[in-house]
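This structure is in structure tokens; I'll ask about it shortly.
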Amino acid sequence: MSINGKPKFAMYWAASCGGCEIAVLNTHEKILDIDTNFEVVFWPIAMDAKYNDVKAMEDKSILLTLFNGGIRNTENEEVANLLRRKSQILVAFGSCASEGCIPGLANLSSLSDIFNASYQSASTVNPDNVAPKTSVSVPEGEIHIPAMFPALRPLDQVVSVDYYMPGCPPESHQISRVIDLVIKVISKEADLPPIGSVIGAGESTVCDECPRHRDVKTIKQFVRVQDIDKINADLCLLEQGIPCNGPASRSGCGALCPKSGAQCIGCYGPAEGVLDFGARMITALASVIESNEPSEIERILEGIPDPVGQFYRFNLANSLLRTGTAAWRNNASLKE
Amino acid sequence: MTSYLFYPGCSMETSAKAYYESLIAVKKTLGLDLVEIDDWNCCGATEYLGINLIPAYALISRNLALATQQANGSRTVVAPCSACYLNLAKADHYMLERPELGEKVNLALQAGNLFYKPGSLEIRHLLDILINDVGLEEIKSKVKKPLRGIKVAPYLGCMVPRPDYKKRWSDHEHPDELDRLLSALGAEAIDFPLKTHCCGGHMPQISPSTAFELIRRLLHGADLYEADLLVTVCPMCQMNLDAFQAETNRYFHTNYKIPIIFFTQLMGLAFGEDPKELGFGRELVSTEFALSRIGLEIPEPDGSKVQPKRAKKTGLPMPTMPADEEAHK
Amino acid sequence: MSDAFEPIIIGFTCNWCSYRAADLAGTARVKYPANIRLIRLMCSGRIDPTFVLKAFASGADGVLITGCHPGECHYIEQNYKALRRYLLLKRSLTQLGIEAGRVKLVWASAAEGVRLADEITKMVEQVKTLGPLNWPKWEGFFDDEIHSLVEIPEEVSA
Amino acid sequence: MTNFTTSNGNKERIGVYVCHCGSNIAGTVNVEEVAAWVRTELEGLGVLISRDYKFMCSSLGQELIQNDIKELGLTRIVVGACSPHLHEQTFRTACRRAELNPYLCELVSIREQISWVHTDKDQATEKSKAVIAGGVYRVVHHQPLEPLHVPIHPATLVVGGGIAGIQAALELADAGYPVYIVEREPSIGGHMAQFDKTFPTLDCAACILTPKMVSVGSHPNITLLTWSEVRQVEGYVGNFTVTIQKKARYVNDEFCTGCAICQEKCPKKVIDEIYEAGLGYRKAIYTPFPQAVPKYPVIDRQNCIYFQKGTCKACEKFCPTNAIDFTQEDELVTVNVGNIILATGYDLFDARRVSQYGYGRLANVFTSLEFERLSNAAGPTNGDIVLRDGVTVPKTVGIVHCVGSRDRNFNNYCSVICCMQGLKFAHIVHERTGATVYNFYIDMRTAYKAYDEFYQRVLEEGTLFVRGKVAEITDAARLPGEEGKLIIQVEDTLAGKQRRIPVDMVILSSGLEPRSDAKDLAKLFGISCSADGWLIEKHPKLDPVATMTEGIFIAGSVQGPKDIPTSVAQGAAAAARVLGRIQQGEIAIEPILASVDAEKCSGCRICNGLCPYNAIVFHDDRNVTEINPALCQGCGTCIAACPAGAISGTGFSDTQILAQIDGLLLLNAE
């Protein structure tokens, strides 16, 4: 417990876009509840605390840590281990921490490709061809920067995680519900769900919350939303040929995208107990294609030009394969 | 006015002038635009492929290469003579089926900076175009003088229905395309069982006795069914049956007098063209008597010849043939 | 053990025809390479792309999917669904860098023991030419290799 | 990382048994090494005991398992031996005897799929370890199951009223069980009713067939649904619901006495393409043949003047019991049966496809069925063998065998009956007309009882046999004496020369083909048929009358070309199998089923269209899908398709298969 008797709260961001931080802010007045009930001890975006401050704390002294972002470099891993030691409840907050999310898509490329793209390609002015090094000596002394791992890992592949909160970002109403829950736990009005379970999401998949009418699926073609001149407002998008990931994505977001005419892209991750999100969507879409002729099926599949983007946009790093072969077969840059 | 690439072949200028003249007359009436392939060369007839394969195919596919260069929007090459049609079709078929043959032929063609990509042209016989593209209804509408009164033996020869790579004909042994064309012209086509049997080809030069036997069978068959004349689609068949009819008669002590003409000549007659412009008179066995019968009632047969048992209307019903089944539906 | 690369192929068979074809190859003593290890399912329609991904992730170098010929499925039409899933899965695998030759779909009826043995032999040869996939065993993959390269500077870890 | 503690928290107690199978396995697999490896490497999983034994399937081998279960309290058994299709049942029974749920036992094939197909001993041993490891990893996740017991409805549906169907129906009815026969034609009898004589006994076909037809027609247990077709089949073994369309006969069978005055008075004569094979005529109102069962005629709408033009009604005027009823409508009848026997017979090969034989073009070329009608006393010529002109008696007759059979252009298979049929025709022609008879054959196939003796007899009667495939039949005369005749061009392979044989009449002994609608029939009943259309039996040698689908049997030439004795035998065999089922009263079905977790199901309906057995039902109100366990056949397609992972299956669950994959790849993990 902190000096003023309030439990400590921390939030950290590793390889992520910061959207989860904003989502917490997006809970509007609920942010005040955090302040009233917790003593925020470490929140890099919100306050100026240093790693040493955290190191100085006793272990397990932070009650709740919301950790968003994947583990991409040694610093992320370092801090993840640190916060694990210092926190009672470590929550993998948001899709990046839970399953790698968009940064995880970099697992398709090797480090050398990533460095080439960043430092040698047209997008960077790099006349004297500077390549990133983990340490360099300057007059003032030796400077070190963290090293990049060959692939990005979700939090639970580095440290043990107590709870997962899916979503890119998690919806604000779900964040508020979780915060209320933790507050109730503190005041002993409720107890924590079993370790390892997913909080701030539903039991079923997005179709459960989607208002659109659904019928038996018979898909003749896959098209993009913009290719259809007039989308039927209340018919299931998949039945209009739009490859929607709703059937395999965990519910909890309130089917925000399908409600507004866009297909679900699966940011709430796989349903309960599913090993590989992509596999579920591959089999779901393929099984309802209305053709038994290989060449015609191939023609229909042309409608999904980027299968990995369609099926593994948020959870490549957490899938069975976790990466593309390029990621680890030729990560030469680490060796030099 | 559909246009085709036209490959006339050498015989159209020499022994089969009648075929050419009658075709020109018929072409106008039916609105066929036949654009001759310029600088075409001989197709090697039935001999050359048997003597030297690669040069023969090079000779043939030179025409195809020229045709592709000159493609006037149409991808179809029409050949009136069966031998030319078959040789062109063989070249296209085997160049596709045996790539190494295709390469060697194209190597040869490069000398005249020509090239032929097999499969890029459709090779079809004139009769096929008339039946399937122009259509019997169109032909029937153009008939001014129906050829009632004459009985015609439809003779297709062997090269058109076999090997038939693209499966264009109704049957490989008893195709009925020519029969249907003749009845469209008003003539009566006899049920000629030997319509696709061999006419001897180039046998008259190699072993005359064999050729005479083959020719005798055809003449005997036509004569047996009291045909007034025999109609063919191939200059070589016409020449064998017409030119060697006298010698065959001498060899077998028979006296068949069956005029052998081209089906386009009959079409010209039915369209009301002047026989002179249709090449009549060029044939050796005169058609004069046969033509005089057009328009006459058919006299009762005097029964001198042994009549084959035709299926009379009484007795047991015949099975329906697929073509009639279609008509029933 | 010879050092030449011996691939491991996981084969999915359907209880009614391709598994019986494998049995028939046995009773007929038809020889084929031992690189393949068969799993019996009730129908090729039961094959979940997760199984194929799991096989590759756990060390297989190739996956052979077999089922009844179209039109001869014991459950009438379920092999068509296997075909559809196979075609979409193959596209995803190739995009993830797994060569197309490592996964194949083959129809084999209960009477085609010899044909199945030939297909297995062909598949093993093809994967041999592609070489080992050896997908990383992620446990421990990140631990040693990286740290040895970078010493943690004092002030960060203090 | 799949952890291996199961639901009850502690590890399972596993027994592994590696069979030598004499030398079948031990010859190529080092069974001792495998057993030892399992004991050490897989102990962590809970393997307590790992034995190798000479013959696991022997009673001693089974006792080994039973004793271990009792003494060591084993909860899982893995046996490395032959194939599950052979001894899975044996080891399951052993477990049951030791009070262990039989479905907690897994048989792993190391004989058919390892020792018999690999030569390198080391590789075979390594693979055996891996495959058994797969079995052990899998068996840990097995759940105790009980087979589903399904009651068997005692009624049976026989589809097809030919001799095979008749035999099956009589056997079942005589055993006291209700039978429904569905026959497409107005009368039962099938092709056999068209024949004049039957080989080899030269019995008159009608004389030996009609008594059976009469007993079918009058049997209290048989409901005859002729002029009807099956439209829909639902349900599964023991509980089929079959919808049958009874086409309107426009004759009221309560009043009709079968006096056939209506057939005399009907003015409209039509060629009878089916029964008279196109050689004879029938009226618009007709029964196919006098001994038809049932005896009630039918009105053929296409040709009935009343139905086409609204006039005539001669049959109604002259019918003494005014049984004619033009207002009759087609009727849909639903029946519940426990088993189904398909005996829908064959189609004759269409001889017109062989254009060089001239059938359809040359008048005096007849097919076998046409000749059967020609030579039949009830046929169009009252049995007189005459040419197409209906008058001339042929002096020389040529009979051509193998028309459309054993021919790469048409059907590769031998149609079994055309040789004997050709010999029968030769005898009949010889006996009735004294004509010279030529038989053109490539191999004389007279394999069954008293067949070859019949061949000897036809030889002695002076039939001229020419061994060669007929090349052409033409009327183009070439040599003297050929005018007006049909010339058969054939290469006589025994005389070693080409021959041109002029004959007056040719009979084409055509082969048998699957029914043109065989593929639809297979789809309707949920069974599979081969590429060309013969229905596929469960096992070509040991189980020819059953199919892969429980409760559906096949008999007669629907399964492939065969003669009458074999068709009758198969009819009776199918009936015996059905009787066995009915006696059992119920049948145990493998408890392999799929089920939906309503909590997880989001109602996305991806799975709704995937089940050919309509077992998947969507509840609009609850927005949830449910699987009807009674209809589910356990194929698992929906389990693999469910995007939410909400469908699970017994016997082949995801966890079991994924664990098996881990086990199979264990050896290469190091």
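Residue numbering begins at 1 within each chain, and the chains themselves are lettered A, B, C and D in the order written.
Criterion: a residue touches a chain if its C-beta (ideal position, glycine included) is under 8 Å from a C-beta of that chain, and two chains touch if they have at least 3 such contacts.
It should be emphasised that the depicted structure is a prediction, and the values quoted were computed from it without experimental measurement.
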item: Centroid comparison with subunit D (C-alpha atoms), farthest chain; value: A
item: Pair of chains joined by more contacts [C-beta pairs], B-D or A-C; value: A-C
item: Subunit A-subunit B separation of Cα centroids, rounded to whole Å; value: 77
item: Rounded Å distance between subunit A and subunit C, as computed from the means of their C-alpha atoms; value: 30
item: Centroid distance [mean C-alpha coordinates] between subunit D and subunit B, Å; value: 50
item: For subunit B paired with subunit C, centre-to-centre distance based on mean C-alpha positions, whole Å; value: 59
item: Multi-partner residues of subunit C (each touching 2 or more other chains); value: 48, 50, 54, 77, 81, 85
item: Numbers and ranges of subunit D residues touching at least 2 other chains; value: 610, 637, 640-641, 654, 658
item: Multi-partner residues of subunit B (each touching 2 or more other chains); value: none
item: Chains that touch, pairwise; value: A-C, A-D, B-D, C-D
item: Residues of subunit A defined as touching subunit C within the complex; value: 51-52, 55, 74-75, 77-78, 108, 134-135, 142, 144, 146-147, 149, 153, 157, 275-276, 278-280, 282-283, 285-287, 289, 291-292, 294, 297-298, 301, 304, 306-308, 311-312, 319-322, 324-326, 328-329, 334
item: Residue numbers on subunit D that touch subunit B, as the complex places them; value: 271, 278-279, 281, 352, 355-356, 358-361, 363-364, 370, 374, 380-381, 386-391, 472, 474-478, 483-484
item: Residues of subunit A that touch subunit D when the two form their complex; value: 203-208, 214-218, 246-248, 251, 270-275, 280-281, 283-284, 287-288
item: Subunit D partner contacts - residues on subunit C that touch it in the complex; value: 1, 6, 8, 10, 16, 19-20, 22-23, 25-27, 29-34, 37-43, 45-48, 50-51, 54-55, 58-60, 68-69, 71-78, 81, 85, 111, 117, 137, 139
item: Subunit B residues touching subunit D - in the complex, by the definition given at the top; value: 171-174, 191, 193-194, 197, 217, 220-221, 224, 306, 308-312, 314-322
